[in-house]
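Shared chain: subunit A. Partners: subunit B in the first complex, subunit C in the second.
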Partner chain A sequence: MSTVRIALAASRTGRGLLALWLVLPVVPLLLWAFADSWAFPALLPQDWGTRGLTEASAAGAGGALARSTLLGAAVALLATPLGAMAGRALASRQVPGSTAVLAVLLSPLVLPPFAVALGLDVLLLRLRVPATLGVVVLLVVAALPYTTITMRAAYAAHDRGFEDEARVLGATRWRTVRSVQLPLLAPALAGAAFLAFLVGWSDYIVTVLVGGGRLTTLPLLLASAASATGNDAQVAVLSLTSILPPVALLAVVGSLGRRGRR
Partner chain B sequence: MTTREAPPATVPGTPAPAPRRRPGLRAFLLVLPALVPVVAVVGAALTSALLLSLGLAPLVGEPGLSLDAYRSAATDLGSSLRVSIAIAAAATAIAAAVGLCLALAATAAIRRSRLLGTLAALTVPIPHLVGAAAMGLLLADAGVLSRLLGVDPGSWPPLVGGRWWIAVVAEYAWKESAFVALVVAGVLSSRAASYTETAALLGAGRWARLRHVTLPLAAPALGATAAISFVYTLGSYEVAALLGRAHPEPLAVLAFRLFTSIDLAARPQAAAVAVTTAVLALLVVLVALRALRNLAAER
Partner chain C sequence: MSGGTLALTGLTRVHGPGQAPALEDFSLDVPAGSCVAILGPSGSGKSTVLRLTAGLDEPTAGTVRVDGADLSGVVPERRGMAMVFQRPLLFPHLDVRDNVAFADRVRGMPRRAARARAEEFLELVQLRGYGDRPARALSGGQEQRVALARALAAQPRVLLLDEAFSALDAALREEMHELLADLRMRLDPTILLVTHDHAEADALADAVAVLDEGRLLQEGTMRSLYARPASLAVSRLLGGRTEVAGVVRDGRHVSPLGALALPERVADGPGVLVVRHEAAAVTPPAEGDCTGTVVRLRRRGLRALVTVEVTGDGGTASVHAELGPGEEVPTGATVGLALPVADRWVVAAPTVVPEQPASPAEEVSRRR
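Presenting the complex of A and B:
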């Protein structure tokens, strides 16, 4: 009896520690974001307020938020259809040399982004490619492994019979894609687009190296605020601004996924 | 590359099928829009970095094959390799252990923790840079943890920017543990339940079920996610740049400093560091793939 109780207590403690491990790093962000002053050794801020928000927007958080959103959306918009087409072809097992093709498509996952960005930067400068275009192309390539894997798994579980049926009933090829494939694969497409958005949204090193400081996204603003001292409230506000949109998107994608499974 | 295609089978009595393009060609055309940009970007980037590091594409002066860039970066490169591998190994070990515990708790047959699964899923989309900023606010002297524990800034150990790279390792371990947990829990939740039930019916105790059913089922996913975490940490820049110390520098920080230096002669050295890191990452992945294949063959 007592061993059971000890095991139960140990399991509760373990789970508590695991939850603490995941939550603890976010706690300072939540407190500092609304702290006007918080001197050592106080456990909670002495004055609550919106100083961090004011400082962050004065530093240009609004524009950076818009640019980060656009960058993430552009990467998702390009990488999702490309990954879906590649995923469909790879799932059909008809691609010649499919192992080699998959290895090449997954290679950006393995190669250090700074190495790719650094190598390409010299070339892009010589070819006079606009910096923003260079950043988008590089990030689309970085996102393609995620969209390809996601869509390959989705197409592998997808029943082609529905499409054949629609074709037999006289639907054109394009109509079949639009009215049969897209609705059936919407949850997977949303998941793939979410991952691609995250690649553009959270990138720092590619934007710095290839963007050459002209494309000020949220991560760039956060990095410059965090490397200086004394603006903890601003850092916390910028951090929360970087967390909330992806988490909200995750909730949307998750609910889409549940509806798709029903 | 050889294609193994069976000749089209004709069934007597059925009308001949409408003329179609070969399915292999069709599938290949469907892959091309993704394949072309990846090959172009990765190929061009690696070639350009290699040429730059070998002195064949100098920004100023005449091209000429030499290993000067590697030679002059050698001292820094050695210490950077050691630091980067140590950080990646420590962070990956912690992430794999904690991630496995999280996955086990989130998929346990009795007292399953939905909360831990949700928390791990919410941690994955947080950018590493945000994680680094958060770890800074948590672990610095006069940070939130030192306030919680009531330790003076004077006697607080140098976790941020200190000798042991604690804050850097903690950030990678934290983020990657959530990633490991999500993937391993996905594998366990789809496959483990029926096996575990069967084992329990056959009289296997709790430890026997964990050792002989759950862990072998989790091992391939755990190995794969650990390899991905290791390679990611090896090539990542922003966390070590923000929370690390000035010397020795991890590979990405060293390459970044050399590349953005006003001295143009440092560019080939930066390219040498990039090429070295890329080769190391590829080697690690090849070793990991081999180990995973052996793991699959054992069963």
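Presenting the complex of A and C:
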């Protein structure tokens, strides 16, 4: 009985420490975001206020937030269906040389993004591809490994018998996708879309090099603010702005996943 | 609801270039309202027959007709069939009622009407009041009942059952057999079912087609197949145990068992005598058709199965016989064997074919 209690206590302590480990870095950010002045020896800011917020919005945080969201959404919207199709094909084992195909799809993980972006930038310029389109295309490629791996695992665990059954019962091919395949794969699709969104949301290198500085997203704004000195409150506000939307999204995806497993 | 007539003609299916056909020139008639079983071991191509019938795979050659209409090129959803697989495959995101209502819903029936009809079919499989449960909250037997209700609610012209009861334990399987017999009386569906179990085929089907390695070996009623198997392979698939090699001479089968009269005229030459163990009886020594020694006794409920070795001209032969309820014979005892003339049957001796190991490619496709 007592060993059970000890194990329970240990598990609780462990979870507490883990939560602390994740939350702790956010605490100074929260403090800084609302500190109008915070000189070194003081434990807490001397003056509270919203100067950071005003500065950040004056620097264009609102527009950057919108552009980052759009970029993440565009990457998720394109990379998720592509990854689902690739994952389904790879899981069906009907692709000749599927290991090689998988290796090609995973290569963006291995290649240094800086080199790839620099090299492709030249190519995209020569082809006269608009900068924003170039960013989206490159980031979709960068997101493909995540969506493909997620969806391949999902399709490997997916029983195609469900689709056969639905067809025989009178559902058209499209109706089967809508009424059977999508609901069964919804948790995996949400997870894949979330990862792809993050690729677009958090990218810096491709956006800078290929976007040519004209596409100002949150990471770009944050980096330029952080490289200057004396505006810690603004940097803190921008950092929080980049952290919170993905966390909120993760909560949504997580609850979807739980519903799918029920 | 009453079923249509299904006619399969010359069905052939080759899965890929260079592979042996999974099914070759298979023809079968399933009259309206009847239940026909396809019996075969795993990998015999019997599930392929159902997939071709349902339109889930395209035949390489041959036609599927329902009520005379050729279904070539007709997509599965327009064939008016329904299928129950070995796995229940209940849609996990729907509750039991919506699973049963699925066929009506995808055909455009309003939700309320489809659900009302689903309740009727749930009642038919004795699962009244289970409609609100999530599909995952059922036992194996209940799941398969729901799968059956879902298939019947589609009002199929032909109902296809692919080893539908094989995954259930013996008692549940028996229950499902009774349920199916009951449903046949009420709804008169046309059923084509696939099984590896000859007892299940016997319990459910009016007629049986025996399939092995993609070829139809024999078809007929189960009684006629038990009594007169066309080959040793059919006899074995039907659970026949006794096989005594010998020679047919002047209408008698000559073997270590002696010269035994046959019920029908059989051409002279080598032949294997088969006798169902249910028909063979153990008698006191010297009273039966031959005499031998009990070498093995296997208890199977009240009736035991004995193996008797008979030594005679040209060697030793094993005969299996079922004892009466409660009877026992010690191993080593000398007993007589009564082999009723009507239950003797001679099949062609197998031509010596070396065992062909399945090619790796076949193994893989089978496992899939």
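The rule is simple: the second predicted complex is superposed on the first by the 238 of 262 C-alpha atoms of A that agree within 3 Å, B and C clash if a C-alpha of one lies under 4 Å from a C-alpha of the other, contacts with A are read in each partner's own complex, and residues count from 1 in each chain.
Just so we're on the same page, a contact is a pair of C-beta atoms (placed from the backbone, for glycine too) under 8 Å apart; a residue touches a chain by one contact, two chains touch by 3 or more.
Please read these numbers as outputs of a predicted model, since none were measured by experiment.
Participant: According to the stated criteria, A:L120 is in contact with first (subunit B), second (subunit C), both, or neither; which is it?
Facilitator: In the superposition, A:L120 touches subunit B alone.
Participant: What's your read, subunit B or subunit C touching more residues of subunit A?
Facilitator: Higher number of touched subunit A residues: B.
Participant: Look at A:A171 in the shared chain and tell me whether it touches subunit B only, subunit C only, both, or neither; answer first, second, both or neither.
Facilitator: Touch partner of A:A171: subunit C, not subunit B.
Participant: Regarding the shared-chain residue A:L138, is it in contact with subunit B (first), subunit C (second), both, or neither?
Facilitator: The first partner, subunit B, only.
Participant: Pick one for A:L29: touches subunit B only (first), subunit C only (second), both, or neither.
Facilitator: first
Participant: For A:S11, decide between first (touching subunit B), second (touching subunit C), both and neither.
Facilitator: In the superposition, A:S11 touches subunit B alone.
Participant: Looking at A:V180 after the superposition, I want to know if it touches subunit B, subunit C, both of them or none. Which is it: first, second, both, neither?
Facilitator: It touches subunit C, and subunit B stays clear.
Participant: In the superposed arrangement, does A:G212 touch subunit B (first), subunit C (second), both or neither?
Facilitator: In the superposed model, A:G212 contacts neither subunit B nor subunit C.
Participant: Show me the subunit A residues, by the header's touch rule, that subunit B contacts in one structure and subunit C contacts in the other.
Facilitator: none
Participant: Enumerate the contact residues on subunit C facing subunit A in the complex.
Facilitator: Residue positions touching the partner: 54-56, 75-77, 79, 81-83, 85, 87, 89, 91-93, 102-103, 106-107, 134, 136, 150-151, 154, 160.
Participant: Considering only the defined contacts, which subunit A positions touch subunit C in the complex?
Facilitator: Checking each residue of subunit A against subunit C gives 159, 161-162, 164-173, 175, 179-180, 183-184, 260, 262.
Participant: Within their complex, state which residues of subunit B touch subunit A.
Facilitator: 1, 3, 23-24, 26-28, 30-31, 33-35, 37-39, 41-42, 44-50, 52, 57, 59, 98, 101-102, 105, 111, 113, 115-116, 119-123, 125-138, 142-148, 150, 152-153, 171, 174, 177-178, 228, 231, 234-238, 241-242, 251-252, 255-256, 259, 267, 270-271, 274-275, 277-278, 281-282, 285
Participant: Note which residues of subunit A are touching subunit B in the complex, please.
Facilitator: So the residues of subunit A touching subunit B come out as 11, 14-15, 18-19, 21-29, 31-32, 40-43, 82-83, 85-86, 88-90, 92, 94-97, 100-101, 104-105, 107-123, 137-138, 140-141, 144, 148, 194, 198, 201-202, 204-205, 209, 219, 222-223, 226-227, 232, 235-236, 238-239, 242-243, 246-247, 249-250, 254.
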